[in-house]
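Supplied in structure tokens, the structure appears directly below.
Order as written gives the chain letters A, B, C and D; numbering starts at 1 within each chain.
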Amino acid sequence: MGNKIKKIAVMTSGGDSPGMNSAIRSVVRTCAYYRTECVGIYRGYQGMIEGDFITMTARSVNNIIHKGGTILKSARSKEFMTPEGRKKAYEHLKEHKIDGLVVIGGDGSFTGGVVFNNEYNFPVIGIPGTIDNDIYGTSHTLGYDTALNTAMEAIDKIRDTASSHNRLFFVEVMGRDAGFIALNAGVGAGAEEILIPEEDLGLERMLESLKKSKRSGKSSSIVVVAEGDKSGKNVYQLAEYVEENMPEYDVRVSVLGHMQRGGSPTCFDRVLASRMGVKAVELLIDGKSNLMVGLQNDKITTTDLDNAIKGQCDIDMELLRVSDIMTT
Amino acid sequence: MGNKIKKIAVMTSGGDSPGMNSAIRSVVRTCAYYRTECVGIYRGYQGMIEGDFITMTARSVNNIIHKGGTILKSARSKEFMTPEGRKKAYEHLKEHKIDGLVVIGGDGSFTGGVVFNNEYNFPVIGIPGTIDNDIYGTSHTLGYDTALNTAMEAIDKIRDTASSHNRLFFVEVMGRDAGFIALNAGVGAGAEEILIPEEDLGLERMLESLKKSKRSGKSSSIVVVAEGDKSGKNVYQLAEYVEENMPEYDVRVSVLGHMQRGGSPTCFDRVLASRMGVKAVELLIDGKSNLMVGLQNDKITTTDLDNAIKGQCDIDMELLRVSDIMTT
Amino acid sequence: MGNKIKKIAVMTSGGDSPGMNSAIRSVVRTCAYYRTECVGIYRGYQGMIEGDFITMTARSVNNIIHKGGTILKSARSKEFMTPEGRKKAYEHLKEHKIDGLVVIGGDGSFTGGVVFNNEYNFPVIGIPGTIDNDIYGTSHTLGYDTALNTAMEAIDKIRDTASSHNRLFFVEVMGRDAGFIALNAGVGAGAEEILIPEEDLGLERMLESLKKSKRSGKSSSIVVVAEGDKSGKNVYQLAEYVEENMPEYDVRVSVLGHMQRGGSPTCFDRVLASRMGVKAVELLIDGKSNLMVGLQNDKITTTDLDNAIKGQCDIDMELLRVSDIMTT
Amino acid sequence: MGNKIKKIAVMTSGGDSPGMNSAIRSVVRTCAYYRTECVGIYRGYQGMIEGDFITMTARSVNNIIHKGGTILKSARSKEFMTPEGRKKAYEHLKEHKIDGLVVIGGDGSFTGGVVFNNEYNFPVIGIPGTIDNDIYGTSHTLGYDTALNTAMEAIDKIRDTASSHNRLFFVEVMGRDAGFIALNAGVGAGAEEILIPEEDLGLERMLESLKKSKRSGKSSSIVVVAEGDKSGKNVYQLAEYVEENMPEYDVRVSVLGHMQRGGSPTCFDRVLASRMGVKAVELLIDGKSNLMVGLQNDKITTTDLDNAIKGQCDIDMELLRVSDIMTT
């Protein structure tokens, strides 16, 4: 290879997720292992435009594997959507003699990477970091397993008070346009009903199902609602609708919110991040670009960034069926 | 004593809180220790009116000390506010030959107990169970310590994402009309600002304080808001107000909600519940009534139920001062 | 099918693991869904021999999905290893008109199932429940993900005190003869060294590695040791050996022990248990036997029980390599 | 006051405990509030001897309130026990123009402070930081509440597996020569028996008690043993003794070990640390010395360091009685 990679930059971009620090650590340590220099870029593409860089050595990432958030901070950058912004970014990379970039983020961040690579032929590797699990080419995104457990544990707590008072709770969880968190955290928490964008249950059927649950002797219930649910009603309107139609229920709403983005990553997310970081650096060193590292069938694989962005990420229909059986 | 206590009833009433099960267990086991029979009443005063009773032995309460919620369920009863309702309740107690009652709940539940005692001269002992810590005559109510940790750990998670994105979060915590949870969880989570009903900071001063914090180099901030805050604005309006006046901040809101009522009780709450349950039963056996068991200066004490209901429960002004110093 | 399955028994056997209750719940609810009767057997094969059975309905398993341990209890049975024991067991099953059995346990439990099936042609389906992850035919056993997180979080805590005091800790984790827990929890916790049965590092190399780590400026270190490690020394002897050879280190030992078997299951384990329970019941209803339900490539699959017992379960060599890179 | 305090040093010494970082943060921020300079000393007295100092500003302690361990590290120093060692230490303090010292640690650390103060008339204030709660003059030491919860949660997990297998567990918890952790975590975890140094139960009585528990239908049991227990047998010998005398029990041992020293501090410990740090700095500024800050009757108080060292710290006998009643 003519152009051996000598200096790699790593950054986190878009919404943060647990495991991003573990991935940063892995990228930095893998660089150290291959005696490749490593630079951290603060605040994603915006920091790249502003030249907000920091040299990173193995010691820079001591004691961060277990930390939520991202020590490199994250941001969304409108300026990077302009050619002028990307030009500034490129100049900063050149100035620092950086010859490869690892972007930890979601599809918006990958799109930026693809455009940048097209314009400047600059090697870019993506690591999927988002709690929403909505990236094609990987069965798990970084932070997803942690967010599932955070959401589920919060619902466990809500269950305590719901069953003490024979109440019906509508609990909204995150997930953007996808129902992964809702479906898995819902099954894990033993929810009586789960509303996800991928399946339009219909308000009538939900009501029927809740009435059946009530008749079967259940005195409390949890309905988990994905934030992207397509029922046409938000979680408060859903609660109101049920309260009107089932006055026997005492209905409450809880929106779990941003706590789902934080917290110490689970073992799964830390290990996944470690594996992905190694692969990302090795791909750059091998002269590869425009790839996303992913997990498929428990193995680390790669997917074209283009496909990762455009691909459709399907929910497991078998799990929907399991959920139906569990709540019968 | 002419009327030796032979059978004691225990119930949970009003909003549930972690530690109620530990207290039920303690009451039941203490009864067993003193060879006094014990009966559990489901759903508080409403269950008393309906005669929804269950015999409890030491084995009935195996493996519940660590469980959130209440195995006896809880409820609010409008019917018990009527003389007819209380008459029915009294008849059920007599029918089951119960001669003493332990009520685990908050001031509303104690008021019911006092009225009932006045009418029927029926021995009643209260155990303060509420996450809000707003009961006079005890430094800690059951569930308060657990709720503090639940709220604080949620804020810790929010801090992860706040500092990754340089955001300002308004986090609403529970506490009814009192600021105990907000003040303590806020100090524990290192909040930049804490808004509680006991102190009217004024929107201007809050803004000033946030601006100062920004100037001092802090890029993210957490403002903890008690649900009973008296600023005249709810947490969403507060966020909007700050966003308008400090456009440099990216503001978000999180309402922690009912998860604060659930979860496995902390060691403090389990031990406190065990101590209070013993004392409650021993007071009844000693022929006492109309008292609330409390913790004062780390000792188990008693307070007249009347005083517990009417007394003013003050927030620790020294801690407010500590909070101010911490966020300077 | 001539012999339609009308009544299914479920039991837990061998060492308990988190998620067993979630699997029991799933089996019971799936039976209810298919209008098949369901019976729980206490204490595994021993309870089967003693006829310790209980009828289970959907309500029997309310509120257990999140509980550690097993409500059906578990045991090892020597009597079941004898033809007489198995005869008694068979007679109890016939007496209760049970025509299918779901065994949740490890390879010892499956061996019992295979022998029993051979003798009595009784339909048996296995669900792999053990924290050790040492079962062929599934990428994950029930309880493994939970145990990983329990071990890792304990090591996180040990790390706090290790780095405060510049100490070297040897931490022994469970896993029987396999290194799955040690390798994954070790990578997740950022351990400096991981000793597993599958790789004989040699004491010399471990020492070399620790010295290198010390030279590189690390002042504290964690060595994770699998209980089945083949170095010929137990964890205390290892510590002594290092202390003698590296007097500059202050060495401590921690054996995590049985807490790794308990605790509320993670979302992953609860969802996996729900999926496996559905499949197990559907296999019996479909007239299948002698199969273990497993997870392979994220899909629910089946493996002959014979193969599950005999098959070799390999550790992920890529992860070993990742571990080496992380600790360089 | 002639000698206004202008620069304060803070250090952590002896065994580390959760909350030490929260206390460091509080000392540093309180100094900032009073426009007093602040210096951190690494590794306690040893770092003082070696001049291992670091300037600390409010920003140095951002985002540490929730962290276990101590960012200033801790150590025990033999050299400080010699006049030569203390002389070196004093010279470093003078060289840096430090005029007051806050020592966060246990009685050994306070003894060092008293000796140092006697020799050099150097103002010293102590903050009690140890998980053992064995310091006179405070109802709670920093880290104690966290350690209680860590120990209790571990025992909760052990309970899961104990009751699945009808086993008897001996669980050793920390506490040096005191039974605070054992008694409170034991009561909190619902232990069947608690062995502490303050009460010599006698092996016979323990056996009797376990037999009674067995007869009453309990199939599993947890015995919590303080590391300083005075039965003359360690936890393994106790287990063996019971196994010999009660062959019907399947006995296991778990030593919780150093994980009890780590972990993120509870809300109680973080708030206590914040309050104590403020008080310690204010005492120095007020010209006070040789005092320990403590919590008594929920108020921040002071005690002569001499008394704190010599005073006897008694266990709550009422709680022992509660424990007996709970396990009857």
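Observations on the model:
Heads up, the rule we're going with is that a contact is a pair of C-beta atoms (placed from the backbone, for glycine too) under 8 Å apart; a residue touches a chain by one contact, two chains touch by 3 or more.
It should be emphasised that the depicted structure is a prediction, and the values quoted were computed from it without experimental measurement.
Think of each touching pair as a link: the shortest run of links from subunit A to subunit D has 2 of them.
Set against the Cα centre of subunit A, the chain with the most distant centre is D.
Averaged Cα coordinates give subunit A a centre that lies 36 Å from the centre of subunit B. Put simply, the C-alpha centre of subunit B and that of subunit D have 28 angstrom between them. One inter-chain figure worth recording: subunit B and subunit C are separated by 39 Å, centre to centre, where each centre is the mean of the chain's CA atoms.
For subunit D, the set of residues that touch two or more other chains comprises 156, 159, 163. If the chains shown are joined wherever they touch, the resulting network closes on itself as one ring, and no chain has more or fewer than two partners.
Inter-chain contacts occur between A-B, A-C, B-D, C-D.
Interface residues of subunit A, counted against subunit C in their complex, comprise 25-26, 29-30, 32-33, 58-59, 62-63, 65-66, 139, 145, 148-149, 152, 156, 159, 163, 184-185, 187-190, 216-218, 264, 266-268, 270-271, 274-275, 278, 297-300, 316, 318-319, 321-323, 325-326, 328.
Within the complex, the subunit A residues that touch subunit B are 12, 16, 18, 20, 67-70, 73-75, 150, 154, 156-166, 169, 252-263.
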